[in-house]
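These are the structures, in structure tokens.
The following pair of complexes shares a single chain, chain A, combined with chain B in the former and chain C in the latter.
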Partner chain A sequence: MNRRRRTLLGFAAVAVILGFFPAVQEALDLPTFYVIFLFTTLFWVAQASSWNILTGFAGYFSFGQGAWYGIGVYAVSVLVGKHGWPFMAALPMAGLLAGVAGLLLGMVVFRLRRLSGEIFALTTLAIAFVLAALARLLPAIDGGTGIFMTGTPLPEFLGDFTTAMYLLTLVFSLLTVMAAYLIQDSRLGWGLFAIRDDEQVADGLGVPVFRYKMTALGANAFFAGLMGGLWSLRLGFVTVDDVFNIRVPLFVILMSVLGGMRHWMGPVVGAVIITTISDRLNSAGLADVSQIIIGALLVILALAVREGVYLRMRDRWVTTAAVFFGALALVTLFDINGSLISDFAYAMVATTLAMLVPSGVWERMRANRGGTGGDGPPETLADDLTEANT
Partner chain B sequence: MDLISQGVVSGVLFGGLYALMSLGLSLSWGALKIINLAHFSFILLSAYIVYQLSVSYQIDPLLAMVVVVPIFFVIGALMQMFFHAVDVDEFKSLIITFGIFIILQSLIQTVWSADFRRIGIELNPYATQSISFGGVAFPVSQLIAFVAAVLIAVGMSLLLSRTYFGKAVRAVAQDRSMARAYGVDPRRVAVILSGLATSFSALAGLFVAVGQSIFPGLAVGWFGIVFSVVILGGLGNTLGTLTAGVVVGVAANTASVTWGPLSAPLVTFLILIAALLFRPEGLLTRRSVA
Partner chain C sequence: MSLLEVTDVAKRFGGVVALDGVTMRVDEGEILGLVGPNGSGKSTLINVLSGFYAGDQGRVDFADTDVTSLPANQVAALGIARTYQIPRPFDTMTPRENIAVSYMFGQHRHSLAEAREAAGEWLEFTGLGDVADTGINELTLHQLKFLELARALATQPSLLLLDEVLAGLNPSEINQSVEMIQRVHARGITLLIVEHVMRAVMALSHRIVVLDQGKVIVEGEPEQVMADPAVIRAYLGDRGLDA
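Let's look at the complex of A and B:
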């Protein structure tokens, strides 16, 4: 309980600090782009965290993030743009509709006896494109014309559009991450982890397998849809091609694989790193190659870091802090690139690279440095295993 | 009447292409336990290579077979060797092949741009010819693709059921370590099978290039159709895949004739859901490899 209280206090602290950022930005006269960059990051943090509830915790690989996100985007766009609903009334519908869609899929696929993991993965891959066809076909949804969302009125007290967008994204992404944390730290979470390790054994031990998987899928789709609904404002002009494509699932998978899928903080860390790097690649005019780099990164990371960088950062926190702040200081000192975000991007790349040092090599280095003569291999193997099972 | 029979015929012929596109995925999933998402970009890449050969060197698109099939056999074999070297499970194979898919898609887009490409009629006599039979037209390009699909499906089925190699494949699919104990080298079998699977996708790509305009977005559009065919046909079951291709082809084609082309993916998906609910093991299961 003590640990949980501390974590929740941490959430509150982050909420307060980030909540005041727009005011700080205005006071210090920093570029508005920082606020936009920050809420984009928060959006991806929420997307990756919600994906991880199902795929990381329960082990069911999902490409469906784009579908849930798209349902959310279109729910809000249609209700606000075509039926004149107030935005704040339409937003919960985005989450609910996506959640219901997720549960419907779960009712079909989770009943299968064999291969249900693989079939789940590929069905979720197909579903976004079916939804895209549906949206194009039906004039009641889109009909191929797109929907304008610019100028949607938001509650007055939230301030101008950028600030309002920032505050809304902050609130909902914190809720998403908190939900992921609370799920991991509960009976449900333990059940999901058991399902991931061995579903049959979990079933035999009395874990309500079907209900838990449905809950995880429902939560994933709900939060993805909610964030999608919010994001329709950022898109401004909503089109089928922009919404239902491979980008959202690609990014959440990459972020979670990088950060680590066995801890709720993994996707958060992964999302921050990937958003920063991809933003820098795009602003450097490398949008074409950035997709190739991201694909290659996915392959390498899937092979190189089983447990994700977050757990390694926690293990090697001294190195992490040293490399991160060292790199940040160096980059700032020599003023390689004027932008603050670029400085952070360099520091993050350096830290991530430091984390890619394999656990075995790392242990040996630590043993040598400490001079305790702990001769590596057997110990290292055991460490590797415990680390992987954390 | 003629319209309906024409619709059914072209559905069946399309089904041949769908089956050809699905065979490789079905084999590698069923027998090798690798869900190869890169398969879709292999088909597309092969289509672009055929297009380029035909445009740059005036090579007859069907003759391009002698170039693309060996190339993709090697690619498939190399990919399987890579999987052996890094030791992947199904879960990882999804992530890794998804990464490869993304890389290839961006490469294709960078090299050939997002424009629609089509082999010119003067280089591609197959696209415009058709054989008429009883008032129903059989477009030559689709007819050849269909015949190729039947030959490969039947040939693979015979190969798997009648030959030593086929027996080895089935043994590896059922129990890898047991197969090894009986003197089968699972790695060699897997490398050859993976090569075969990708060379089928090369052939599928060739017929795509012959029959229609190609653009990078095409590959994601195949997900639904190919996946439905693979599931409906049963993993690793080549004759089942052929049958399922025809079923899906007829259904999708009839739907797009009746309700417009956008309804085809919906009908395909409904078939998939129905298949998952009522026959998750595939249409014809007896001869399944897995």
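Let's look at the complex of A and C:
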């Protein structure tokens, strides 16, 4: 079976398992909170994955995630809250409007060679400020009063509100992650990697740099906006300050850097770890310090594991599995606290810390074991290329 | 028959005139040596020909197509490839991946799967098979130069612009490279080589064009060009003739 079919089957399996979670939760009488926690995680998985298509793959550092997300939130809020559109009809508009906005920005900034590097990053940051000001000033959008989204009817076949939110978030985040995977495993993806490494050289080898960068930015904005549109329901009461703040762009950066920006799985892993840990810190009443703890974790990891934890976990998969399940078994056995999410949080922290062992030390440890019983040969991106489509 | 036709091309950077009305041609199937003292405009010319700089005036035709104002990726798609004087590999990729990316784009579109096959061929051709899957930072200068060459070849060009591939190599590496350039030529690729190692230029070139201060001062057969007083003056100054 080839690698692509195997990966797509993996997606299907994850979709089925996660898709049945609300039913399992009901059957086992688990708290509804688990469903909410899961869809919050999935929201961040989608945001980080879409951001990574532009910044991780093409190398254009963007603070624009909040802008695309915000356009999505407001597209749905205005259409549903002010014009009475059905929610499901407004949802695609969220993605489309954000995508178009992304392409418009791209048409300007990608035409001017001067606007690369940090200037590009600052431009994307400025877009969010401009949009926030527009939304605040224009009564047709917000006008400073906010928009109520509570009680918006959802299609009945999706079940109650929480289940419906969960299922829609699941579908959108699967679509986003799958898009990231398909891009990475294609000419487009390799063209983007070439642009990230040296845009001028890529250009000289025939990579259509302008078109590819537009595609990456368009895809980033589209998926961010789509998920933003859905999130307007989660917010309930939509205000400019809640939507256009630094939270979304900052968190997607943290998550992707932690997980790794060179592989589509990096942002997924990073988003899961950070949402889990920050959720636990918040519920432990440490909301104020949670940002500090996560920030410190990020600095350490950015210095010690430059390629991100995901690629290391893949290289050291035996250790990863052993530490993760070992820690999980320990905390469950000794019942350190009652919450399943806390157990996972401890296991994730333990696994992440295990990845801190530097590569050099790791190789020596592996050699001392006689090269056997280790984690098998390191899998590199070259293997992805070698095995692709075979 | 001429493959590349350069007509009255000029390029200025602020007040500095880098190219001052260059007119020259590259014939199909030949190896043309482009020489000249430092700062004579050789690299600028390569940059204009490959689409990195737009010339301020003049015209460039390649295979009967006007490529004067085309962006670099379209020039590459028409069949012009180049190497860089200081190697510029994609440094998050292995040599194999570098070559595969180049093959996927270049003159013809190819899928990821086809690129895998082709990469092996160019790795072998340039003798990089042993380091195909190592990190870029483990390659020697010599290997990086060959990777530049392999990556350019993988675009399947009709015209290859080589910007000082021999600079910084030791004599035995130079011999190896000269032999490699001859094998590239034997595959039917037209070559324009910019080079300072005169021994190699004389051995390889069918024709030589000499640039000085952004102008073509002499062109012709290697021996005849090297004996030309204008060339000696350009390299050594007026006193060179007395010595």
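To be clear about the criterion, the second predicted complex is superposed on the first by the 367 of 390 C-alpha atoms of A that agree within 3 Å, B and C clash if a C-alpha of one lies under 4 Å from a C-alpha of the other, contacts with A are read in each partner's own complex, and residues count from 1 in each chain.
Note that in this section a residue touches a chain if its C-beta (ideal position, glycine included) is under 8 Å from a C-beta of that chain, and two chains touch if they have at least 3 such contacts.
Computed from a predicted structure; not experimentally measured.
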Which holds for A:136: it touches chain B only (first), chain C only (second), both, or neither? first
Check the residue A:298 against both partner chains and state whether it touches chain B (first), chain C (second), both, or neither. first
Of the two partners chain B and chain C, indicate the one touching more residues belonging to chain A. B
Contacts of A:126 with chain B and chain C, given as first, second, both or neither: first
Once the structures are superposed on A, label A:250 by its partner contacts, choosing first (chain B), second (chain C), both or neither. first
Contact footprint of chain A on chain B as seen in their complex: 29, 35, 37, 86, 90-92, 94-96, 98-103, 105-107, 109-110, 220-221, 223-224, 227-228, 231, 235, 260, 262-266, 268-269, 272-273, 276-277, 280-281
Write out the stretch or stretches of chain A touching chain C in their complex. 185-187, 190-191, 193-194, 196-198, 200-210, 262, 380-382, 385-386, 388-390
Inside the complex, what are the residues of chain C that reach chain A? 50-52, 71-73, 76-77, 81-82, 84, 88, 90-94, 96-97, 100-102, 104-107, 109, 111-113, 115-116, 133, 151, 155
Which residues of chain A touch chain B once you look at their complex with the stated criterion? 59, 61, 63, 108-109, 112-115, 117-119, 121-123, 125-127, 129-130, 133-134, 136-137, 245-246, 250, 253, 257, 288-289, 291-292, 294-299, 302-303
